[in-house]
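Once you scroll down, you'll see the structures, which are given as structure tokens.
Two complexes follow with chain A in common, the first pairing it with chain B and the second with chain C.
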Partner chain A sequence: MNLIVAIKLVPDLVEELKINEEGNFLDLESLRLRVNEFDEHALEQAILLKERGAGRVIVIALDGEGVEDALFTAAAKGADQVIKLTGNTMPLVSNHTLARWLAPVIKSLQPSLVLTGVQAHNDLDGPLGPLLAEYLDLPYVGYVAKATMKDGEVEIRKEYPGGLAAEMEIDLPAVLGIQAAEQPPRYIAFSRIRQAMKTVQLEERQIPDPFIEEPIAIARLFQPEIGERAEIISGDVDEIAARLVDIFTDLDLL
Partner chain B sequence: MAVNPVTQRPTFNEIFYTSLQKLPDGERVRACLQCGTCSGVCPFGYLMDYPPSKMIAALRAGMFDRVMKTDKVWMCVSCYACTNSCPAQIPLTAGLMTRTKEELLLAGNVPVELQDALENTQRYGNPMGESPRKRAAWARGIEPSVKIMSQINRPIDVLWFVGDYASFHPRVQLSSRALARIFNLLGVDFGILGHEENSDGDSQRLAGERGLFELLVDKNSKAFQKYQFNQIVTADPHAFNALKNEYPKLGVNYPVQHYTQYLSAKLDLLRPLLRHEIKARITYHDPCYLGRANGIYQPPRQLLQAIPGVELVEMPHSAVNSLCCGGGGGGMWLEGYQWEQAHARLSEWRVREAVAIGADILAVACTYEIPRFEDAVKMVQKASRLVIRDISELLLESIGE
Partner chain C sequence: MKQEIFVLIEHLQGRVTDISYLMLAAARGITEKLDGNVVALLLGHNQRALANDLAADRILYFDHPDLAHFTPGAYQRVIGSLIEENKPRLALFGDTSIGVEVAGPLSARLNLPLVSYCKSLQVENNAIKFTSQICGGKLMAEGELPSPTALVTMIPGAYKAEQGRSVTPGVVVQASVPQLDKHPVRFLQYIEPETGDVDITKEALLISVGRGIQSQDNLEIIQELADALGGVVCASRPVVDQGWLPATRLVGKSGKRVKPKVYLALGISGATEHVEAITDSEVIIAVNTDPLAPIFNLAKYGATVDLLDLVPALTEAVKQATVKA
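Moving on to the complex of A and B:
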């Protein structure tokens, strides 16, 4: 059984996001990328399933700055096969495009279960999971916080808003959007990652059709704009207090 | 009839015991007489299932797997109290405790809090997960400006290795700013690495992350090689310890001083500047990695005594018997875990000592300690009057800048 984990790189919010001169995308020069945190949970859940005897874990990611480190880290954590999709020239692609690129590769790997993060902070066109499921023609369940493999099925726990949860069984193969793994993603000693860099074969696959036209175009990207309704009250404490009393009186609140 | 020799794969216990004996002075572990001094002097020994002496007993009995099943080794704050008191001079901190943490880490038996710090260090080069590009932000606005090596094209006298907390922690930044101004007043020709500086990695190493430490040594070494300087000065005793004792083992060799050493050697120049009295009873906390690990006790005290008006008083635990603040060996990133296990903070014990001797100011010389003790002051009764200051801040106050 093959457990496929699709991970993607997203802008790292530890750096301030800047907008490019054209005003339609992030400034790539100042951008730092990291693996989407939900995808790290998807990987952890897949490795937990593997440790309980569910099969092989295959991790797949689109080429980009730092992607090899991410794949070697995944291998050190226990992934059996790591694949880099090459041939992309765009810095960050939409999930529609990513799903169309990933689907044929995932299909060729004969997946029993596809796991990916339920969302990413840069999902402009919806999360990746449902799109993957559509192109793979498989069922999808998102907001999954626990998964157990049963005969030909996966038993999952899905979280709903308001503290509700559901347990359900899904026929395999299926796609899961992972909200949280059963335990926090494990730490892997750096020496193990270094070892993986030396010993693990990183597989490269060419994107089948790299020139897909992006389905959405960003017309304008901008920082939150300052409104004009706020009044900044200045002065010493007494002046500020007097002004506040005036304002509240005017509003009939006092 | 020839009998085939029976061969057995060595057990984990045997492999570990052998590896321990191969470390510098490691063979001394065989000389352990089970006196238990190490376990008694360990600040958290009372709650470890296997304090150091029992760990050695377990090793000898072939039962080290039992030690590996507990996680209490993470209570070790690498303070060198055990090492320092061992009559057989066994390298307990550098050898036994650190090697055990390395094995626990490889086995994945790591408290989650510590994972975050280590992951951040891997990703950003600092344990707090701050943007590495902002590493020099603390120095903004200081005049004359703090030089960043990549922006000046000339050799420099002193390369200041600022360190993680001194660069990023908002409270510790104030002590960095104080030290920069003292350097400026003394006319020190100094520069910093800015974004090219990475965590020194010493506490990560002592928390068992040897591989990460080697990665950081490699990164810092590459930055050092780019520039010409005569010596390194740092305010962080952990960075000092790493640069002085650990980097050379990996071939990275530069003369390094803690800032208290550097300034006490310049006391002739500094003393005339110390014009304003600080009328206070001041006690000094010896940081483990300046004191016990490196034997530096006098320079910080000389600086404090040079300040007019200061009455220097000692706590019951001082110099070689100093109490750890709880931040070493990964303790800085195990606050919740330690509390869960012990319901006690070493920093609070220390603050109680300072209060008990009637100190007005607890002076420190370690970049971990200002926030640790300021937090402790909020928790300890009758401690609200105790002021925590880095020695650099007290010097600057006396200068009157």
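Moving on to the complex of A and C:
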């Protein structure tokens, strides 16, 4: 069976996010990308399923800064096939566009299961998974924290608020939005990634058409107002501790 | 011609979730300025009573055995037909395990624009504007919601649940349920949350740790601080995923929603999935070495030192203050 993992490169939040001059998008020059953390969980879950005998893992990502590192890392972790989707001019596109580009390529890979992260922090037009499922004409369940393959089905654990969860079964093929893999994404030594770079064939597929659909126009992108920010307590740790004790006392905690 | 704003009411285990009331409040804010009606959509089986405190002009109640528990197929079928027939101005969904699974597929299926992570809606010059919180809370995006129909998934933070509750709820209309065919996704059973541990939703003082704790061993100094303060330790997702604290201590979208008097956030960046569960805290105090961490947008007080250095000093200071008293 083919387990397809769609991973997305998203703005790296560790870096300061700069806004462009028009004030309506990120400044693309200073933009740094990294793999969406939930997609790392999706990959981990796929590898776990493979280790339990479910089939082959194929990882696919849209071209962008760091995509080759991401795909070779996936290969080093156990992906059997890694594919870069090329032909795009923008590093960030709407999920509607990305889903439309991914769908025909994923369909050609004859998926039994498609896994992707439940969300990404830049999903202004909704997360990728549900849209991708719709364009693939497949069912979708998100917030998945456990998956077990059974005959022609996958049994999953879907998370709800407050620690509640539901067990559901889904006929294959299907798309899952992974909230958390059954174990944290595995660490892989850089030497293994370097080896993958030498031995693994990175395939390329073309996006079907370069049309970018931007259903939502951002009029203004900005950082939250400075005025709403916390009163920062300065000094060394003892001075900060003393001030906090005053605050706790004022709040009747001590 | 009245503009309708649909709100999908979410409910689990016999209770309407807070986000449902928040969305009703957001919808009311719009219909007060534009000529409109707030229409709550309630799907269930023998659950009409859940409509009793919904602040809406009209409540459409769909009853069917296949709607007894949330499944994406049945919900998409009911809401999809309703939207196609009625073409509301907006349809609001929770940015949750339920709402996203209806709004996302319907956006693609019906070719309707979708805005996510929406915190608030405003009317400006007869247009409806959204304000969404993206990039882990570091950025806000504003824009106009396209006409004639837009779908929105909402996060907490701008409205209070009380604003969406009413002692005189709207008229409840039992609506006819379309044909619900067999669907590839089937509900089997619930898995109840673990019990037997302290209930953090009832605690007045929470000491919460995030990625900044770095290792399980460091939890020891956190527990010492909690003991000195008489508080309870809890955590954000990365700590629980590692297995360093049990799921009963998870604060966040998939965990518990808390309302303490004081929430001490140590080494927590303030990602949306976490902070949406702490917006009811009276006072948030945050410690994070990143001065740009979004948690500082929500906190009343903050410090940009390493929690591993601060916590022992704080525990000591608290112990001394307690001795004096």
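Keep in mind that, in the parts below, the second predicted complex is superposed on the first by the 223 of 254 C-alpha atoms of A that agree within 3 Å, B and C clash if a C-alpha of one lies under 4 Å from a C-alpha of the other, contacts with A are read in each partner's own complex, and residues count from 1 in each chain.
What we mean here is this: a residue touches a chain if its C-beta (ideal position, glycine included) is under 8 Å from a C-beta of that chain, and two chains touch if they have at least 3 such contacts.
Model, not experiment: these values are computed from the prediction.
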(request) Give one of first, second, both or neither to describe whether A:Arg34 is in contact with chain B, with chain C, with both, or with none. (result) first
(request) Name the contact category of A:Ala242: first (chain B only), second (chain C only), both, or neither. (result) second
(message) I want to verify the contact counts: of chain B and chain C, which reaches more residues of chain A?
(response) C
(message) For A:Arg194 in the superposed arrangement: first (chain B), second (chain C), both or neither?
(response) first
(request) Look at A:Ile233 in the shared chain and tell me whether it touches chain B only, chain C only, both, or neither; answer first, second, both or neither. (result) second
(message) One more residue to check, A:Pro184. First (chain B), second (chain C), both or neither?
(response) both
(request) State whether A:Gly162 touches chain B only (first), chain C only (second), both chains, or neither. (result) second
(message) Taking the superposition on A as described, I'd like to know which of chain B and chain C A:Glu134 touches: first, second, both or neither.
(response) second
(message) Considering only the contact definition stated at the top, list the common interface residues of chain A for chain B and chain C.
(response) 16, 184
(message) Please output the residues of chain A touching chain C within their complex, sorted ascending.
(response) 11, 13, 16-17, 19, 96, 99, 119, 121-127, 129-131, 133-135, 139-143, 145, 155, 157-171, 174, 179-180, 184, 215-224, 228-233, 237-238, 240-242, 244-245, 247-249, 251, 253-254
(message) Which residues of chain C touch chain A once you look at their complex with the stated criterion?
(response) 12-13, 17, 69-73, 96-98, 100-101, 103-105, 107-109, 113-117, 129, 132, 134-144, 146, 153, 183-194, 205, 229-230, 237, 241-242, 247-248, 250, 253-257, 261-262, 269, 271-272, 283-286, 291-292, 294, 296-305, 309-310, 313-314, 316-318, 321-322, 325
(request) Give every residue of chain A touching chain B within the complex, in rising order. (result) 14-16, 34, 184, 186-194
(message) List the residues on chain B that touch chain A in their complex, please.
(response) 102, 105-106, 108, 110, 112, 114-115, 118-119, 122-124, 129-131, 133, 208-212, 214-215
